[in-house]
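Heads up, there are several structures right after this.
Each of the two complexes below includes subunit A, the first together with subunit B, the second together with subunit C.
And now, the complex of A and B:
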C-alpha cells in the first residue's frame, strides 16, 4: 500500500476512533457516574443506573417497543420484493416507477413524521377519509392518537419510508440472476414458482441479509419520526422506544441514566452487526 | 504490520485528539466587551454577529420574535443577526440543547429562557445583567413580582421581554350564540364551569366540541398547563406545596378528578393538534372553548379577529384575581463570542418602542410600566396589564413554562400528565406525580399564598 493511501486510511481511522468509538466509550463511562443536572459530575456509582433500568417499567416498555419496530423489516422486505419482481418484468415506465417508489427513502424521518401525522389525523386525515370513502370506515381509527394503534402508525410510516430501499437492493439482486439459466429452466418446463425457488431466491440471500442489517439499524434509530408524529412518545408513554427514552432522560438532565439506556441501544446494534460482520468475513 | 506504520498511526490519533480538544477549548473564553454598559449600549454603529437561540417557532410566536428582531436591527443596523430556533415551545428543549454548548464554550450571544428554575439550570454560565438592569432602569419599570422572579440570589441573569397569563378560557362567541348559551361575563366557579360545559355539550351541533387540549404534534406541555391551571383554581395552597415539592396524594386527587372531568369534554383526537391548531378549531367554529395562555389572543388578532367581537375570554374557574405567570426573557452567556451584542439585544427589546411593537403581536403584556396602555386595542390586554401592575393580584409562577419547578421534575411530570390524559387513573397518577415532584431538589422557597 502506498504511504499516502495509508496516511489517509490512518486519518479516517483516527477520526473514527475518536469521534465514534471514543464517544461511545465516553458514554459508557458516564453511565457509571451519578451525573444529573447541568454541571458534569463524574462520581462513580457502579452499576446503579443499570440496576435502576432493570427495575424501570418505562425502560422495559421502551425496549419491547424497540423490538416491535423490527416488524418493519419483514414487511418492508415483502413489499420491496414484490415491487422488485414487478419492475424486473421490463415493463414500460419501470424506471419512473422505481424513482417514485424510492423517493420516500430520500425524505428525512422528520418529514415523514410530519406528513404521516397529517395523513393519520383521525377526523380529517387522508387515511381515514379514504377508508371511509371506499366503505372501509370500520378500519378508520385514532392511529397515533390512541395507545392501541400508535405503534402501528409508526410501523406503517416506517415501512413506507424503507420499502423503496428494499426494492432497490432486491432489484439489483434479481438483475444479477443469469437470464440464460432462467430461459434454460423454462425450456425444460420449470414453473415460475420453481424458478424463483431454485434459481432466484438463493441469489437474493446476500441482498436480503444486507437489507435486514441496514433496516435493523434504521429501525433501532427511529427517533425523529416517532418524536414528531406522536408528540414526544404520546399517548402517555405508549410510543416510547429506547431512543425516545434516552432523549427524554437527557432533557430532564438525567445524563448518566440516559447514557445507560443509550448503551443498551448500542449493545442491541452490536448484537446485530458483529454476527453479520463475522459471517461476511468467514465467507471470504 | 511494520512498527513504522503503527507509530504513524499512533501519532495521527494523538494529533486528531489534540486538535479536537484544542478546538473545543479555544472558543471557551471571549474577551469581555470593552467599556462599561453605557458605552456598549450607546454604540449604535457596533458590528459583529449576534446569534440568538429561541423556541418561538409556531405562528404568532414566530411573528412576535421577528418584531423583536426588527427592533434590534433598527437600533443596531450593523449587527449581523442570526436566529437559531430550538422548537418545542415552553422552553422544554432549550436546556438540553444549550448546556452542551455552554459546557464546550460554544455559546451564542443570547438565548431564550424563563426566570426561576429554568435560569438556575445554567448556573455558572450566564453573565450577570445587573448593570443592564441598572442602566435601563428595569427595577423601576417592573412590578415587584417580576423583579423577584427574575432575580437569582443577588443578581439578575435574565431580562423579561413579555409576560403571558395562563389562567384564561377563550371562547367562540358565534358558537355560544348559535347554541343559545350565554358566556360567562366574569369569574366563575368550577361548578359553574362544568354546568356551562354540560349545557354546551347538549346544545352544540354534532361535530362541534366543547373544549380542546392542543397537546399534540409538538406541544405536549399544553396538557400540563391545563393541569396547573385547574390546580391553582382549586387551591393555591396545593399549588404552593406542589412547587415546593411537598404536595400529597390527597391534595392532588381533587385536582386530577377535575382534570378528568375536563377531559370528558375534550375530543378523542386531541393529539392530532398542537396548541395553534387547537386555536384554529376555535377560529373555524369547531370548538367552543379553549383553556390556554393568552398567546391565543395574538393568534386571533393576527388573523383579523377582534377580542370581544368574534371571541372572548373569562378567567379559568376559581382563578379570579390570579395571574398564572409566564415571563419570557433572554439571557447572555459569559462565554458568548460577542457579549456586547448579547447585551445590545437584551437592551433593544426592553425599549418602549420595541415593547410597544412586540407585545400586541405576540399577545403578551409588557412587564414595563412606561409602555403606554394605548398599544393594546382590546379590553383583555388592558386588564391583563393592569392586573400585572397591581400588587394585590395573586401571582403564581407557571410550572409548565419552566419557572416553578426544577427541569428534572418538569420533564418527569409531562409523561405522567400525558399518561393520566390517556388512562384517567386518578389514584395511579396522584401517586406517580407525587413521587416525581417530591423527589426533586428544590432551591426556591415559593410563597404565593400570603
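And now, the complex of A and C:
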C-alpha cells in the first residue's frame, strides 16, 4: 500500500469512526453525568442515571413495547415465506407480483406512517369502512387513537412494510435449491411435505437468520413510523418504544438520562449483531 | 415438396408449444393466482386509498367512502402540498445527491482497499466499520447535534451532506467489498507487476468493473437518505434552511387529509420513479447486502 493510499484510507476510516464510535463514546461518558438542559454540565454522578432507569415505569414500558414490536418478525417471515413458495411455482407475471409486494419497502417510514394513519383513521378510515362493509363492524375501533390498539396498528403497518423484503430474501433461498435433487426425490416417491422438510427448508436457514437479524435491527431503530402515526407516541405514552423514549428525552434536554436509555438500546443491538457477525465470519 | 414438409413441421411445432403454454386448466393453479392477486390487492390498498384521497376536494374527503375514487378529481390538494413541500423537496434533493455521490465514492475506495489489500487484522477492522451500519441513530442524535453545531454546520445543507456521508460509508464499503471480491486478485497482481500504482489500478481496473455495483449502491443510498427523517428533524431547521421533505410532510399532520395524502404521494414520487425505472437493480440491492455475508466467507477467487 502506498503512502497516499494509506492516508486516504485513514481519513475515510477516521470520519466513520468519529461519527459512529465517537458519538457512542460521548453518550457513554455523558450518561455518567448529571447533564440536564441546554448548557453542558459534566459533573459526574456515577450510575444514578441507570438506577433511575431501573425504577422508571416509562423506561420499562418502552422496553417491553420494543420487544413487543419483535412480533413483526415471525408475522412478516410467515407472510414472506408463504408468498415466496407461491411465487416459486412457475407463476406467470411473477415479476409484477414481486414488484407489488416489494413496493412498501421503498416507502419512507414517514410516508408509511401518514398513509396508514389514513387507513386506520377512526372516522371514515379505510380499515373501519371495510370491517363494517363485511359485517365485522364490531371490530372497528379507534386504532392508533386508543392505547389498547395503538401498538397493534403500528405492528400491522410495519408488517405491511417488511413482508415483501422477507419474501425476496426467502425466494432467493428457494431458488438456490437444486431442481435435480427435487426431481430425484420426487421420482423416488417422496411427498411434497417431505421434500420441503428435508431439502428445501434446510436451505432457508441462512436467509431466515439474515432476515431475522435485519428485521430485529430495523425494529430496534424504528422511530419515524411511530413518531408520525401516533403523534409522538400518543395517546399518553402508550406508543413509546425505546427509540421514541430516547428522542423524547433528547428533545426535552434530559441529556444524561436520554444517553443512559440510549446506551441500553445500543447494548441490545450489540447483543444481537455480535453473535450474528461472529457466526457469519467465523469460517475465516 | 420440401417446402410443404417444412411448413407442416413448423405448424406441428407451433401447436405443440401452444399446447404447452395453455396447460389444461387446473383448479389448483387458479387458486394460486387468486391468492397472489388477493395479496397484491391488500399490499396496494393503502397506496390506492392515499392516492384516491389526494384527488378529492375538502368536502368529499370527509364524506365519501375512502376506498372509492373521487367523483370529480381535483389537483387542488397537490398544488397546496407543493406550496408547503416545494422548498423542502429541493433541499432533500440537493443534500441527497451530494451525500449519495460522496458516500458512494468514499465507500468504493474503502471497499477497494478492504478487498484488495491484506493488512494485519483487516477483517477485524472491516467488521468494526460494518458494525456501524447497525447503530440506532436515535441514541446518538443529540451528540451529533453538538458535533455538527461545533462545526458551524447546524441547519445547513452541508451539515446534512456530511452526516449522511459519514453514516453511509459503512454500508457502501460493505456492498462494494462484496462486489469487488469478484474481481480476480491475479488481475490486480499483474497490473502491480507492470508497475501500476494503487490509484491507477482503482481507475483502470476497479472503476470500469463497477457499473452494476455503482448503480445498486446509488439506489440504496438515494432511497435511504431521501427517506431519512431523524437527522433532518434534528439538524434540518426550517424550510428556508435545510428542512427535508420528510420532516415537512410530518409537519403537515393535523391538516386536511387530502393535503396530507397529496404530500405523502409527492414525497414518495422520486423513490417510486427510481423504483419503477430501475426495479431490477432495486431487487439486487435488497438481496445484495443481506445475501452477501455468505459469499463473504469464500476467499477472493484465485484464477491462476
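In the analysis below, the second predicted complex is superposed on the first by the 269 of 284 C-alpha atoms of A that agree within 3 Å, B and C clash if a C-alpha of one lies under 4 Å from a C-alpha of the other, contacts with A are read in each partner's own complex, and residues count from 1 in each chain.
As a convention for this text, a contact is a pair of C-beta atoms (placed from the backbone, for glycine too) under 8 Å apart; a residue touches a chain by one contact, two chains touch by 3 or more.
Owing to the predicted nature of the structure, the values given are computational and were not obtained by experimental measurement.
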Room on subunit A for both subunit B and subunit C (clash or fit): clash
Which superposed partner A:126 touches (first subunit B, second subunit C, both, neither): second
Touching partner for A:15 - first (subunit B), second (subunit C), both, neither: both
First (subunit B), second (subunit C), both or neither touched by A:265: second
Which of subunit B and subunit C A:257 touches, first, second, both or neither: neither
Partner chain(s) touched by A:214 [first = subunit B, second = subunit C, both, neither]: second
Touched partner set for A:24, first subunit B, second subunit C, both or neither: second
Which superposed partner A:89 touches (first subunit B, second subunit C, both, neither): second
Which of subunit B and subunit C A:231 touches, first, second, both or neither: both
Touching partner for A:168 - first (subunit B), second (subunit C), both, neither: second
Subunit C versus subunit B, contacts on subunit A by residue: C
Offending stretch of subunit C which, after superposing on A, collides with subunit B (from 166-174, 184-192, 220-228 or 238-246): 238-246
Footprint overlap on subunit A, where subunit B in one structure and subunit C in the other make contact: 13, 15, 18-19, 22, 117, 121, 125, 228, 231, 247, 250
Complex contact set, residues of subunit A against subunit B: 6-7, 10-11, 13-15, 17-19, 22, 36-40, 58, 117, 120-123, 125, 142, 144-147, 228, 230-238, 240, 247-248, 250-254
Subunit B residues touching subunit A - in the complex, by the definition given at the top: 5, 8-9, 12-13, 15-17, 20, 92-93, 95-96, 99, 103, 121-124, 215-220, 267-272, 274, 407-408, 410-412, 414-415, 418-419, 421-423
Footprint of subunit A on subunit C - complex, ascending: 32-33, 35-36, 39-40, 43-47, 49-50, 53, 62-63, 65-67, 106, 109-110, 113, 117, 119, 123, 125, 127-132, 134-144, 146-147, 163, 165-167, 169-170, 197-199, 223, 226-230, 234, 246-247, 249-250, 253, 257, 260-261, 263-264, 267-268, 271-272, 275, 279, 282-283, 286-287, 290-291, 293-294, 296-297
Residues of subunit A touching subunit C in the complex: 1-2, 4-5, 8-9, 12-13, 15-16, 18-24, 26-27, 30, 83, 86-87, 89, 91, 97-111, 113-119, 121, 124-126, 129-130, 160, 163-165, 168-169, 172, 206-207, 210-211, 214, 217, 220-221, 223-224, 227-228, 231, 243, 246-247, 250, 255, 258-259, 262-263, 265-266, 269, 273, 277, 280-281, 283-284
